[in-house]
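See below for the structure under consideration.
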Amino acid sequence: MVKVGINGYGTIGKRIADAVKLQDDMELIGATKTRPSYEARMAVEHGIPLYAAKDAEVFEAAGIKMEGTLDDLLAQVDIVVDCTPGGVGAQYRDVYKGAGVKAIFQGGEDHVTAGISFNAMANYRDAYGADLVRVVSCNTTGLIRTLYPLTQAFGVDNVFASLIRRSVDPPASKGSGVNFIEPSLKLPTHHGPDVKTVLSDISIQTMAVKVPTTLMHVHCINVKLSRPATKDEVLEVWSRTPRVRFVRGGDGVRSSAQIMDMARDLGTRRGDMMDIVVWEDGVSVIDRNLYYYQAIHQESDVVPEIVDCIRSMCKLQDGAASSMAKTNATLGLKG
Amino acid sequence: MVKVGINGYGTIGKRIADAVKLQDDMELIGATKTRPSYEARMAVEHGIPLYAAKDAEVFEAAGIKMEGTLDDLLAQVDIVVDCTPGGVGAQYRDVYKGAGVKAIFQGGEDHVTAGISFNAMANYRDAYGADLVRVVSCNTTGLIRTLYPLTQAFGVDNVFASLIRRSVDPPASKGSGVNFIEPSLKLPTHHGPDVKTVLSDISIQTMAVKVPTTLMHVHCINVKLSRPATKDEVLEVWSRTPRVRFVRGGDGVRSSAQIMDMARDLGTRRGDMMDIVVWEDGVSVIDRNLYYYQAIHQESDVVPEIVDCIRSMCKLQDGAASSMAKTNATLGLKG
Amino acid sequence: MVKVGINGYGTIGKRIADAVKLQDDMELIGATKTRPSYEARMAVEHGIPLYAAKDAEVFEAAGIKMEGTLDDLLAQVDIVVDCTPGGVGAQYRDVYKGAGVKAIFQGGEDHVTAGISFNAMANYRDAYGADLVRVVSCNTTGLIRTLYPLTQAFGVDNVFASLIRRSVDPPASKGSGVNFIEPSLKLPTHHGPDVKTVLSDISIQTMAVKVPTTLMHVHCINVKLSRPATKDEVLEVWSRTPRVRFVRGGDGVRSSAQIMDMARDLGTRRGDMMDIVVWEDGVSVIDRNLYYYQAIHQESDVVPEIVDCIRSMCKLQDGAASSMAKTNATLGLKG
Amino acid sequence: MVKVGINGYGTIGKRIADAVKLQDDMELIGATKTRPSYEARMAVEHGIPLYAAKDAEVFEAAGIKMEGTLDDLLAQVDIVVDCTPGGVGAQYRDVYKGAGVKAIFQGGEDHVTAGISFNAMANYRDAYGADLVRVVSCNTTGLIRTLYPLTQAFGVDNVFASLIRRSVDPPASKGSGVNFIEPSLKLPTHHGPDVKTVLSDISIQTMAVKVPTTLMHVHCINVKLSRPATKDEVLEVWSRTPRVRFVRGGDGVRSSAQIMDMARDLGTRRGDMMDIVVWEDGVSVIDRNLYYYQAIHQESDVVPEIVDCIRSMCKLQDGAASSMAKTNATLGLKG
């Protein structure tokens, strides 16, 4: 049983906590929190041991029982999943190393923070036994999930993707406007280079805009395949790809809103959709040009990748297939 | 075991189906659907027997297996929960009577359709053994949940409430604008008179606006109590009231967005919040004037009321207390 | 010709600048800006002399020509309109006094900053010849515009208003969530007491929520009149009230979105709607209880009040009627 | 003086009416309306003669004075601008022909309805003296405005564009969801072929999503130029292109929200932005690949094209340059 700690019990952290508790080869030791809040109270109610990331007294004042500090947590774990806000994780790098604990960073950190960037299907073995690994961001994970199998099946000469990004996560009261479309003016956006931290040989350019929605990101993707393929061949490849799921506009799934409603019907915890969702009736192939739309649930799609990353770093499973199978079964993902 | 059917497997219908399946004194026979869709496919995947409300062939064409027609369903059940769109239920009234089946209507129908309007806490016994009962709408249910205990504890001379309504439910692609506030110009709005179908003696006036959000309705309520009370006395009353839950802005629950995020943390199915949510630190009492804000999850708050209504109509429990206790325990509501 | 300066060329400041330029008894000397931006460039293009509120060099670097500093501006004017962000104005109070310049503050400052709070119709003479005056906020201005004539015509025993507030102004990229309703938990909200800084004898309580829209605030108002009145009598009073305008849902003006579209059709500069807008077919009177909805264009409704305030403080017109008539004619308001 | 009629006084129709009134070689005879509404009342207030598209009595009942019927209008004009809803225009084609009146259709009609599709800069002479012409849609107009000069300056091998579309126009109360991203699943979307109705030789593919905003469409565009170019060369070409305007994120114009605020500052009628807006600091050229973002004000960008189209069809100006210069000067566009 690998002992796991989580530094930062927020949007990603709380999902990792729940996912780890479902694995039979891992034990959740606890998670840190910086400030008392409803999220902290829910954690305590659900039996997640909480540790104070900084000041423990504010929790006492709020009547929330803490098990200790970050140092106390690090002293008990084999591996810590850093779920602090983007850019903050790098500051903890030496703390984790000093404590002799393996660490996983999020996509909000630079590749150099860990030196290895991870996606279970694409490069599970690169993280095998490693001490520091970064799991790429939600958008990058989404791109790799559908592009990697295309590189294997047909070869990929070039990718151009436009990312339509949600502006804030669902619980946010701030950080967004209301009525706008905002482009990412620094071109190319960081998403293309980020894909290359995992798929080093791919040629990819990206543009991105932010829009006033909370639910999911949507990608418009144009792939130049290395050899001609039919739409059916492409669909067949993805139908065999874990964590890639089809929906159909013809079934009434016209937008990200219906996808997330469907996820609620599926009965996943929090109504999460950890699979990448491709509109089956929105795929088009003309000669070697493939066009498709995919939707990414930014709150949760990296969760199974992090679970697999723990397995790889702690040598719990030799290869991606067996680790992903365990993760998919416990989290209800498409296998 | 009371046999239950559902006519209309949509936003409310699917939640009733799941709730009924959790009761040990009820059996879900099936639910009807008018058109194939992702909701129909999810139902089949989750073992909900589906019946065609109208044309069965469109389901066959879509590859969705149906168990029969509405008539087939009605032939097997003791009671049907009508979850058809507002105003449609009344058209089925005679169909249900003809089939010799008890029927529950939603708040979208007029009071006269059933002759009895229902809220578990306020008038459980009015529905006892009845053949036709209407469970009041989400907003009316919310108003009764917090007002009824005030009438019992302090007396209520008058209520004035402004209802800030969500414009569409989360999965909707249509039916709303994007950037607007739209008042209900027909005054008084129907909500006040609708409360009086259950609490006949109360004096209440309401105004309402629609705003571009999907998550919850929020009410601004001013109650003139019959006798002076303190804020603590009011809070104490609600703390003892089932299906009324406190949140605190001081805990970071500033808006409906954080409430629904908290509901996801609670782990309820679909992330629903069936309790009415009162901001504890937004309650104010000045002399006999009580001011408070409450939030209503329009997709789910009537679900436990409908479960209790089935028990009352089918004489499964003599009184509200025992029925509500069973319902609350199975659905994870505040008791 | 009264020489006018503006400290802060933002949402309100730029509208004051344009309004002052239309008056034949005022001269716009210039406006300050803190940072170069498109607003600064537009100002220069439109011949508004700009002065640096702080650092002049950043404007030079951006190629925007400045006429001097705030001190230079103050040295040339008789009166300054403080349009700095809420709470910042108070810090400038002594600067203005030191420069021997009269000053108008916005509703974002406390009443005590100026000692006199102003609405043209209600208390024009209170500001006559004064050195420091505060024009109340957009919401308070809206409440006074419709309530004051009611106090004169019928008497008002009590007012209860729920304010549904826009979350951010139209150009904002930040500061809002996307999908939420957020109550103002500190009760009573400041709006009621703020009305009393002008209408000292009125009894008024207010609650407020913030919603994801940019266009206008909407108020749900319940007034207990001192004597019975008919709906027609109330409408007749408002029809004679300057800066209060009717719209009708029956004409397709169902929401704030259509009001602002109508304002664009009217051809006002920036599509502003400086009148308070009451839904004529949303007014209801039952006994002595009056219910109505009104919409407030938060970006502009205080502009004519500020113009009149300049006249009162600089003794340009003896009374409200003649000043308001000039202002209304130049700005295209309802007289 | 060419006599102009407008069939359909809505979003586009009312802007055409105002634009025509500003031209010294055209006379606005009147516009039709189907139903009384605030738009009809505003038209009458602004001296636009109204004609009943169908039933005149509903206007009488609403107290709105009409000048006659559509037939009466057609009898007086040389040319009619069809501004009826998409797909409706084709039904009027024979009515216009029967009345012996030239007609301009909108982009909502198919190319075959008129046989000629129009953009002033690209093919002014194709419409010269013609009886039926279609002005392409807002998005297509936007694409042609920036692509056509690239074809002339550098040659264009291929274009791939992702269109992020506003879901509804600002005054809409319906027709949209609130929290969603909705892809256009039918690929390729119609926008690419539509560009080819004007630029027949161009190779272009498009994808599109709809998002919950009202203000503008935004395009993410990738152009493969025929020969290498620098960013400065591309900017220089557009700086000489009429109706293409730069904004800068560095000036605080981060999103479509600030563009439309800037348009209000410019003082255009209704705050319209008829120029296509390119983010100057969001343009990137890598080898022969050009990437840029542009924003399209869907309510107004076709207005100057329609004015020029009238001139071409009625032979008022021989070439695009002189017609566009007149139009740009009267409407305040970038020349």
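Which chain is which? They are A, B, C and D, in the order written, and residues in each are numbered from 1.
Everything that follows uses one rule, which is that a contact is a pair of C-beta atoms (placed from the backbone, for glycine too) under 8 Å apart; a residue touches a chain by one contact, two chains touch by 3 or more.
Computed from a predicted structure; not experimentally measured.
Novice: Which one of the chains is farthest from chain A, going by Cα centres?
Specialist: Result for max centroid distance from chain A is chain C.
Novice: Looking at A-B and A-C, which one has the bigger number of contacting C-beta pairs?
Specialist: A-B
Novice: Need the CA-centroid distance for the pair chain A / chain D, whole Å please.
Specialist: Here the centre of chain D sits 42 Å away from the centre of chain A.
Novice: Between chain A and chain B, what's the gap in Å when you average each chain's C-alpha atoms?
Specialist: Those two chain centres are 35 Å apart.
Novice: Counting only Cα atoms for the centres, state how far chain A is from chain C in Å.
Specialist: Inter-chain centre distance comes to 47 Å.
Novice: At least two other chains touched by the same residue of chain D: list those residues.
Specialist: 170, 172-173, 177-180, 182, 212-214, 254-255, 257
Novice: Show me the residue ranges of chain B that touch chain A in the complex, using the header's touch definition.
Specialist: Where chain B meets chain A, its residues are 14, 36-39, 41-43, 46, 62, 170-173, 178-179, 214, 247-248, 251-255, 257-258, 260-262, 264-267, 269-271.
Novice: Can you tell me which positions in chain D touch chain B when the two form their complex?
Specialist: 167-168, 170, 172-180, 182, 212-214
Novice: Quick one: in the complex, what on chain C touches chain B?
Specialist: Residues 160, 162, 164, 166, 177, 179-183, 185, 187-188, 205, 207-218, 220, 222, 249, 254-257, 279, 281-284, 286, 289, 291, 293, 295 of chain C touch chain B in their complex.
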